[in-house]
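This is the structure I want to talk about, given as structure tokens.
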Amino acid sequence: MIYEVTLAEKIYRVELTLAGDRWKCLLNGRELPVDVVYGQNGVLSLLLGGKSYEIKQESVGTETNIVVGHERFTASVRDPRSFRSRNRAGASEQGVMKIKAPMPGKVVRVLAGVGTPVELGQSVLVIEAMKMQNELKAPKTGKVKKISVAEGAAVDAGQTLAEVE
Amino acid sequence: MFKKVLIANRGEIAVRVMRACREMGIASVAVYSDVDRGSLHVSTADEAYLLGPAPARESYLNVGRILEVAEKCGAEAIHPGYGFLSENARFARSCAEAGTKFIGPPPSAMELMGSKTRARTAMQVAGVPMVPGSARGLSIAEAEAMAAQIGYPVMIKAAAGGGGKGMRLVSRPADLKSSFETAQSEALRSFNDGEIYLEKFIENPRHIEIQVLGDEHGNVVYLGERECSVQRRHQKVIEEAPSAIVDEEMRRRMGAVAVQAAKSAGYANAGTVEFLVDGKRNFYFLEMNTRLQVEHPVTELVTGLDLVHLQLRIASGEKLPFRQEDVQLRGHAIECRIYAEDPDNNFFPSPGKIAKLLRPSGPGVREDSGVYEGWTVPLDYDPMLSKLIAYAPDRLTAIARMRRALDEYFIGGIKTNLPLFRRILEHPDFVNARIDTGFLDRLLAAGATSSGAKNGMAEIAAVSAALFAATASLKNGQNGASKPGAEKRSDASLWKRTARSEGVGGE
Amino acid sequence: MFKKVLIANRGEIAVRVMRACREMGIASVAVYSDVDRGSLHVSTADEAYLLGPAPARESYLNVGRILEVAEKCGAEAIHPGYGFLSENARFARSCAEAGTKFIGPPPSAMELMGSKTRARTAMQVAGVPMVPGSARGLSIAEAEAMAAQIGYPVMIKAAAGGGGKGMRLVSRPADLKSSFETAQSEALRSFNDGEIYLEKFIENPRHIEIQVLGDEHGNVVYLGERECSVQRRHQKVIEEAPSAIVDEEMRRRMGAVAVQAAKSAGYANAGTVEFLVDGKRNFYFLEMNTRLQVEHPVTELVTGLDLVHLQLRIASGEKLPFRQEDVQLRGHAIECRIYAEDPDNNFFPSPGKIAKLLRPSGPGVREDSGVYEGWTVPLDYDPMLSKLIAYAPDRLTAIARMRRALDEYFIGGIKTNLPLFRRILEHPDFVNARIDTGFLDRLLAAGATSSGAKNGMAEIAAVSAALFAATASLKNGQNGASKPGAEKRSDASLWKRTARSEGVGGE
Amino acid sequence: MIYEVTLAEKIYRVELTLAGDRWKCLLNGRELPVDVVYGQNGVLSLLLGGKSYEIKQESVGTETNIVVGHERFTASVRDPRSFRSRNRAGASEQGVMKIKAPMPGKVVRVLAGVGTPVELGQSVLVIEAMKMQNELKAPKTGKVKKISVAEGAAVDAGQTLAEVE
């Protein structure tokens, strides 16, 4: 399996082959002699050149994080062999971008209605959780294509609230 | 001793009080709101009763309903924890009228300390050191005379003030008149009360507080101090005991003042006298909290006492089982308050499901928690999840131990302020105890510096991300290219889907 | 201070030493056998290297391989933990020859204390109180004279004895001759050595030990005592500090003797002098353990010190950072050793997968663990999973706290001795500190009494069993009657299948 | 759903009906107003008449235990509507009974070979784990029908080692 992993705007190409019960790993074409064991659910013990790493994985809202020791990395993983996934990805970066709820809450105000031109970083909606309000901003300069929620609606983490094109 | 105690609270403090009850052979009664049926405090208790809907005024602040439950189940006493009804004197009176013991000070002491001006007056009478200034309204001329006497900078304050309104910092005599007038007109507009007084401005103070404990027979002792200078918006973030700047002699003086304050208020049970301390180690009365504090564990660790056990014993009429001279401090304790909030996004709350929980333990580590793996942190209350406390023979070892415990602590699925603590504990000013109430704001304003270690770990993280994806894909029975139609809604596939999702969410 | 330390051990003690290293800024190196790749000590360490196959002689006792790893990775010191190579003087010498610091006493002290007869002789010279009797071979006439002098009952022992062979208890003079002859012929047959000596028989002794700590500059202190009388087959089960029968004066005397014993042996680093204590509080030297003990945490809690930190500092050449008069005991600590074994089935080991792990925490609770949820306890080593330690201001509160912590502790999927501890902690003799080394055997012989509480809970348990089954059946998409062919091999269905299985397994 | 739960040789008939997201519960025909919530995986919070119970479930070897507070009950649950299950159960009690390994280990000795008559409680095999040996005994008086493992074999917990008829 080949994966493209994006971490802090840098792309890593990771090729994994299962040989028996061990993974063979190429990182950007260079072999890494990793020794991997899955311990607790969602926790991975990795040995590399004698160094021991305990690695956790978590999803928070729309983010996926990899935690190595006490360092946290937001990662995005793509399987380049998946034609659909690559295609969609290409389309979305140029075309429509979604605004998703970063946590569960209530929509208290829509600041920019459908058709409103917005600039990158301009506030589009306000959601409230635990007595605090948070403005959700346009991920790109463009026009509000769609508002998927009404003021007063309760929303879940990761739910799409609006689209900007 | 009581046979049954109702805990009118939720979260970690409810669990902490229930543990004390269990240890003392007292049956504990939980109360809960609709959204808290699955909360840890409900399953920890011996009995549990529904209060009402999620909003606090219909549940945890619902005095009538709480007293009804207490009467129905036969609870002889109510422990209010902190927050909610803990400093509500009317609630304490209602308990007394209903024949239920309120575990805390007498209502009269709560009322006295609950009013800032009454407290200030009473403390002045008791000879407690206050920030120099006046507690009564002044004319401009009086204000100028007093400012000249106590020295600049001074703070002009509206007697009825609050939330920063009607407050002005004045650095030099020339600015006093105009600031006074602005503050006065603002106060008139805001509070319909133009009374203005003046206090010396304490620059970069430390927040140091004294734990006091009194029984109902007139005995009051102090249990040393806690340093709580690491604050964000007047919210304590890290507390420790003892304070690095308090020596035996200063502790004795502060302790004597705190005991004097408590005695003059007719105080009983656990309470805390808060002080501001200036750069010359002068201390000034700030306020008294008439309840158990969030940060009581650091005092427990350095004194070897259990404050909740003692609260229960005092409330049941026992005398203090020790005298002042029996109280000895040993070692150093630090507490971190773990919140479901995102320090990288203006500390916005992050409720949601705790998908994974790895808890620290081992030597010198205490975790007082109100959560469990699989629990969903509700939107409706304070987002504190737990308190992590490290104890060691000295301050630097306690800091090192806390770092070790933070490395072991993992809360997956929601944002927490765990990463912030590492930044604080590695900051040279914190390590060297050069802290004041502005320390954390300065640290946050400076922004995070990406550590060198992080860069070296990026390759490991990248490989691991691929390994997680590959394993998830094997588990889903997929081999190589994904078939979007065939995905099951398991955690693993959800993760994959998220990782591959194209659109970037807002903010 | 060392920059890198290898821990030649596994399980909870390896994790405990690694935590200390992390706190002191020392890189820790794990070593592991084939079956321990997934063990907690491997992922806790900064580095980890394979030793070899599961059998200890090919892995954790493989001196050559361990020293090879230490050299290759640049570890400057080796911490042996307890068990395995910790009391192996030849290993300590090999470390020295390889230029690696062995964290423990000098090999000469280990050799002296490792030989029972050499130790007894040396301790007699040092004036350490011993069980009255002779340490050299006696004739029957000499034995009769000595028995008359020290008083009956006496124990006849073969000098080369072991495992109970060549040992006879003699209660009255008339039996001495025949017992002597039987023991002698048994010893001749078993050890080809008919040398017989005699000791006073201590009835129902307590096992009380003194922790000592010495630096490499000739300073030795004692850190109070531990009571370890709750034993099964000479295996400690519960330890506490302090002992209920040791007062300040007795502690001082025992401590002085222990320090004298250590000094006479040229001892350094952590060690323990074990004593038998009779009904009149006379204490007699039993043996010296030349390593960190399993039960060291109870001493840490009452002294406020960290013994592993101190071991590392001493081994790196530092002087003791305190003097005898600085050591103060405060409060009371109790430790339970949690084993994967079945107390209802003759303590048979119960390795297997830990399907569920709920860990106790909160005030005064420390857990030193070597396991995690989902880990499979291997068949190959000591079945100790973790140590649970409770600390409180006094003994009765510590007992109550330990009971509370045991209530919170749940290890699902394997048998453990957790239920045994509740029986012990509720026994009036334990609560009243009327314990000796025969206490646990008597408790076990008396059998479990089914508690009244249990009967009241049976209905709840029955309903819960049905609820678990119903939920599992819903999760499997079944509705009502099961369709055996359609069952998936999930945990839930496995449980159902087990619950419904018809045949009753053996034993 | 109706279950027959056997605890300490006593049989409880538990009838459960799902009404919305709540269980209605009849115990031996008597209604119990239980309030049930599933918290941590495998842990159940049950309120009954105000009393709060935290209940865990575990399988150890061939046993299933229900833990209420600190009391542990070995339970067996049957669904009487399952005709096959009842039939098999009836058959097995009269006919063949299995000896299963209570923990993983190694078979060190077979004491009673195929065809040997055995009495209830008589030792049939010895298995070893962690340097300790344990005798596994005949669950009924009868004859050894089958020995499924060889001396020296490694066995898993719950694995059938022998059958007695």
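Going by the order they are written in, the chains are A, B, C and D; count residues from 1 in each one.
Here is the rule we go by: a contact is a pair of C-beta atoms (placed from the backbone, for glycine too) under 8 Å apart; a residue touches a chain by one contact, two chains touch by 3 or more.
Predicted model, so just to flag it, every value in this text is computed and none were measured.
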| field | Winner on C-beta contact pairs when C-D is weighed against A-C | value | C-D
| query | If every chain is reduced to the average of its C-alpha atoms, which one ends up farthest from chain A? | reply | C
| request: Find the geometric centre of each of chain A and chain D from their Cα atoms only, then give the gap between the two centres in Å, rounded to an integer. | output: 45
| remark: dist(centroid_CA(chain B), centroid_CA(chain C)) in Å evaluates to 40
| chain C-chain D separation of Cα centroids, rounded to whole Å | 33
| Distance from the CA centroid of chain A to that of chain C, rounded to the nearest Å? | 48
| task | Could you list which residues of chain A touch at least two other chains? | result | 40-41, 43
| Touching two or more other chains, which residues of chain C qualify? | 407
| field | chain C residues touching chain B - in the complex, by the definition given at the top | value | 15-16, 19-20, 22-25, 297, 300, 304-306, 308-309, 328, 330-331, 359, 361-369, 392-393, 397, 400-401, 403-404, 407
| request: Would you tell me which residues of chain A are touching chain C in their complex? | output: 35, 37, 39-41, 43, 45, 47, 50-52, 54
| query | Inside the complex, what are the residues of chain D that reach chain C? | reply | 1, 3, 5, 7-8, 10, 12, 14, 16, 18, 23, 25, 27, 32, 34, 36, 38, 40-44, 46, 48, 53, 55-64, 66-73, 75-79, 81-85, 88-89, 91-93, 96-105, 124-125, 129-132, 134-139, 157-158, 160-162
| field | Residue ranges of chain B touching chain A (in the complex, touch as defined) | value | 342, 345-346, 348-352, 355-356, 358, 379-383, 406-407, 410, 412-415, 419, 422, 451, 453-454, 457-471, 473-474, 480-482, 484, 494-496, 498-507
| said: List the residues on chain B that touch chain D in their complex, please. | reply: 30, 37-38, 40, 42-49, 73, 372-375
